[in-house]
Amino acid sequence: MQVNEYKPLIVAFCCNWCSYAGADLAGNNRLNYPADVKIIRVPCSCRVNPMFVLRAFQRGADGVIICGCHPGDCHYTSGNYYTRRRMAALFSMLDYLGIEKERTRVEWVSAAEGAKFAATMNDFVETVTALGENKRLEDLRCKK
Amino acid sequence: MQRVGVFVCWCGSNIAGTVDVEAVSEALKNEPGVVFSTNYQYMCSQAGQDMIKEAVKEHNLTGIVVCSCSPRMHEATFRKTAAAAGLNPYMVEIANIREQCSWVHKDILTGTEKAIILGKAAIAKVNLNAPLTPGESPVTKRALVIGGGIAGIQTALDIADAGFPVDIVEKKPTIGGKMAQLDKTFPTLDCAACILTPKMVDVAQNDKIRIFSYSEVTDVQGFVGNFEVTIKKNARFVKEDICTGCGACVEKCPMKKNPNEFNLGMDNRPAIYIPFAQAVPKVATIDPNACTMLKKGKCGLCSKVCTAGAIDYTQKDEYLQEKYGAIVVATGFNPISMDKFDEFAYSQSKDVITSLEFERLTNAAGPSAGKLIRPSDGKHPHTIVFVQCVGSRCDACAQKGKEYCSKICCMYTAKHAMLTRDKYPDTEVYVFYIDVRTPGKNFDEFYRRAVEEYGVKYIKGMVGKVTPEGDKLKVQASDLIANKQLHIDADLVVLAAAIEPDKSARPLATMLTASMDTNDFFTEAHPKLKPVESPTAGVFLSGACQGPKDIPETVSQAGAAASKVIGLLCKDKLTGNPCVANSNELMCNGCSACANVCPYGAISYEDKEFRMPDRTTKVRRVASVNPAVCQGCGACTVTCPSGAMDLKGFANLQIMAEVDAICK
Amino acid sequence: MKVSYFPGCTLKNKAKDLDIYAYKSADVLGVTLEEIENWQCCGGVFTTANDEVATKLSSVRALKYASDKNQPLVSVCSACHNVLKQTNYAMQTNTQFADKVNRYMAEDGAYNGETEVYHYLEMLRDLVTFDTLKEKVVNVLKGKKIAAYYGCLLLRPNTVMKMDDPENPTIMEDFIRALGADAVVYAKRNECCGGYISAQSPETAKKNSQAIIENAKAAGAEMIITACPLCKYNLVKSGADIPVVYFTELLAEALGVKEDTNE
Amino acid sequence: MNNRYLQKEILRISGADVSKCMRCGKCSGTCPAYDEMEYHPHQFANMVESGDIEPLLNSQSLYKCLSCFACIDRCPRGVEPAKIVEAVRLLATRKQGANHMTANDVPAIVDEDTPQQLLVSAFRKYTK
């Protein structure tokens, strides 16, 4: 292992009912994924304001992933559909601004899909690592 | 700024194995707001909890961060601990350093590093936490059941049994619904009337149950525990409390030729009528479109023969305001119209009938007194063709019919075929099917009996065209197994029409802010775990309004809905989830975007007076969230263009602080 | 009212009655049929293949002609009407197809499905209205029991034709009633007569046609009307023992303009 | 037995979606040319779905379909069997020398009442 290996910073928003539980299950089953992923718990994926995603990139995140219940399984009936639409619009705008589409992702992970959660995170970290550091939106004022 | 205490749990070696807990508690000591930081083997143990309580007292803590297992595991535990220490339970945040850190990372360096970051995020959040108190609202201890079929009847009886008053609103003149029209019921073949009418009598005699027949719900206000409902009692021109149901008026009425709805128009009824002998309430009703007294002011015969003096031609529609704690929707189903399926010649021949019409034809109380006859000429049919799946299982692009399986048709067709062969062994009976779907107790055995013991001819294939010619119905169909086209000269064709939700369901759903699917079936709160609750708190679902169902299923769902209602009505007060949305009135511009995305109808608008900088007052329309109804998903917070809407416990600033802490 | 008119091959030859009476009746009803210049044969049947372009060009040209004149396009023959409507629908909904077609349309200019295509019967129902028609009737055909034979092409595929309920159509029955006659409703009025199959298996066509006539007669029909020359041919060939006439002929009779066509 | 290339061609030309078929057989129940056909409308859909195309290509059934579209309108699943038959027929007749009717056949068909429409339609359906 290299000492100065590049480590991306990944912010993952997980809905409380499915994906956060899926992440817990990944833990219960000791399924490894990189520590670069930091999870923020939200009640529903539709609680994720595009502002949060922008803020993360502004503060130096290299990738943002939003995980919610599978379509049709939302605890709040329709929240994940809002997420899907909003994020599709946001991600294409971010892409236009130079934040590659690969750095943003919406995934459906159920509470039973610990393995899918780990696999998704592994894949996402790998993808973002390959892209390298994200500097496009970084707010220089935030750097010390 | 809060005074935060940080408690890092080892969880034995579960956390301590891959996270240097000492380093974590040390690193978090210097975070803003933190005044105390420690670590312990088992934070969730009594000793660990006591440690937290003491620290709260000693360091005058206002916020607590526990770095431990998942909040899904012990958040409730630590909230109780906080409450016991005199803190607001919502001043606790958990950093999940077990499931999402120590268990998934092997390297102690990266594990520790991540645990510190997760701790920092939790501290950043707790610094912005505010004490939250769940709202409380009283519960009106009365339930409303909309629809008086078997679903509504069973629900009402079960609720009344638990001691709570129930009202049934039924739009027809009598309760009983579709089941009252049926002849026999599968798979045991007991007669529908024999098992239903005693239940109807139970309803009538139960002093906890009020029946509003010939009535409909026209408005619903309020929320769980506190619904205010307007019920419209349609004028039936007969005083319900005086009418004895003797039927003298029905006999004397000269306007005899009006299609009898109860027999699906296969015979006639007078302008004043009682739908059927066991009707509940057994009260006459005047059809205002048929009565000459009401139309032209001439006749009045019924009034003359009524010894009780119950007839009242001046009766008006009446509106009642009632309060309820819970509402059960049991609006049921109807067979779809056969308009778009005239390849089966339904509009062209009286001898092409739907299964429900067949049900009336074989019912002893039906238009033919139970004798199976052809409606056109009253002759006994010798060849009967049953067609399955008419309008069910259609693809959307076919632009007719329904996409779903209507579920009950396979079984009732097997029943019809079997009963026909049983009563009239000289009758040839063909059933054209696509699949025979019989998942239910004793269902497949029942269907096999129709084939094996009663000699019903089941043919896999579909009827393509029915041509009435002379007194025959020429049926052209395919037999897929024999790979042949069949031409059968039938006397009677019976169509198993798809079923659809009652037309009254959609306007009702709007009133209740309950959601529906594209087929107008009510949506349940969770397809597996909350099958009888609608997503709107306090609204429950019973029977076929939620999806196609047979009688046993309907009755079990009716009971389940009743138990949910009882559970709700048992409470004196409802405690809500305090993590609900709230709108900042100063920022809200009343655009309605939030109300449009709310799946629960928790958001309403009110006009409020605001003082302007120049000391004038201005009235603006602003959103207000009903905390008893809001479930806290946060969809509205993101939709709000002005940023007025926020979610308590998961506020914009709190999540943003977490993002900042992680990305630092 | 002026409309563009597409007669079609048979109407200028074997089915002259269909054409001539259409003109005469339209005159009475205040509609001017402006025949498309240099119209070409529609091809008789529409091929449903997505990749068949050349065979549909003549129809597109006719549609384009009407669109240039800003007129609805009317035809009488069921087959022509079917081909025109289906082609028009393909031009409206299948962009790939429309793209290919428009590469051939350089001289005429691009066409994108703007024209409204009416069958003569639809024109009577929707533009003239049956009420107006009723007023213009001079020879009321009272007591005549007439069965309408639709065949396939007027009604199907319904997603495209949208003329009437494909299983229980009423447009021709309403037409018959507007002329004062009794409409006979029978189930086989929308079943196929056999169509072009009579070129190869006349027996099949005969079998189908006979079943249709039997069904109409059983329902009490004394006469059958149709809009399609091939339907009429097949029904007559199968040995129909009641008259089979074009609906325009009946129309002309009711409007009192039938006689003067016998030159 | 499983000809993926021809299957793809048929689906492309017809634009039909055979996977929607639920095997109800209404197309075959409705077909006025059923008795003349060796393979029936529902078999066209099913055989194309399984890629079993050659038997269809070589069958006289291709020329028995009346294009009356009754199967299209009555199919509850929107499968459009007539379009599939048409696509297979085109695959057959588009080959050189595979026309199913020639000008030599005309005199035998024509009588004094034969409408032009009959010949035009038949040629359009049977030849390429």
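Annotations for the structure displayed:
Note that the chains are named A, B, C and D in the order they appear, and that numbering of residues resets to 1 at the start of each chain.
The working rule: a residue touches a chain if its C-beta (ideal position, glycine included) is under 8 Å from a C-beta of that chain, and two chains touch if they have at least 3 such contacts.
Small disclaimer: the values here were computed from a predicted structure and weren't measured.
Compared on C-beta pairs in contact, C-D and B-C come out with C-D as the pair having more.
Comparing the centres of all chains, each the average of its CA atoms, the largest separation from subunit A belongs to C. Computed centre separation for the pair subunit C/subunit D is 24 angstrom, with centres defined by C-alpha atoms.
Subunit C has its Cα centroid 50 Å from the Cα centroid of subunit B.
Distance between chain centres (mean CA atoms), subunit A to subunit D: 52 Å. Our note on geometry: subunit A versus subunit B, Cα centroid distance of 35 Å, whole angstroms.
Looking at subunit B, residues 343, 465 sit in touch with two or more other chains.
Each of the following residues of subunit D touches two or more other chains: 70. Pairwise, the chains that make contact are A-B, B-C, B-D, C-D. Residues of subunit D touching subunit B in their complex: 20, 22-31, 34-35, 40, 42-43, 70, 74-78. For subunit B in complex with subunit C, the residues that touch the partner chain are 339-343, 345, 347-348, 399, 465-470. Every residue of subunit B that touches subunit A in the complex is listed here, in rising order: 70-73, 96, 98-101, 103-107, 110-111, 113-114, 117-118, 121, 515, 523, 525-527, 535, 579, 597, 599, 631-635, 637-639, 647, 650, 652, 655-656, 658-660, 662-664.
Residues 343, 389, 393-398, 401, 432, 434, 460-465, 476-480, 483, 485 of subunit B touch subunit D in their complex. Across the interface of their complex, subunit B is touched by residues 158-159, 165, 167-168, 185-188, 191, 214-215, 218-219 of subunit C.
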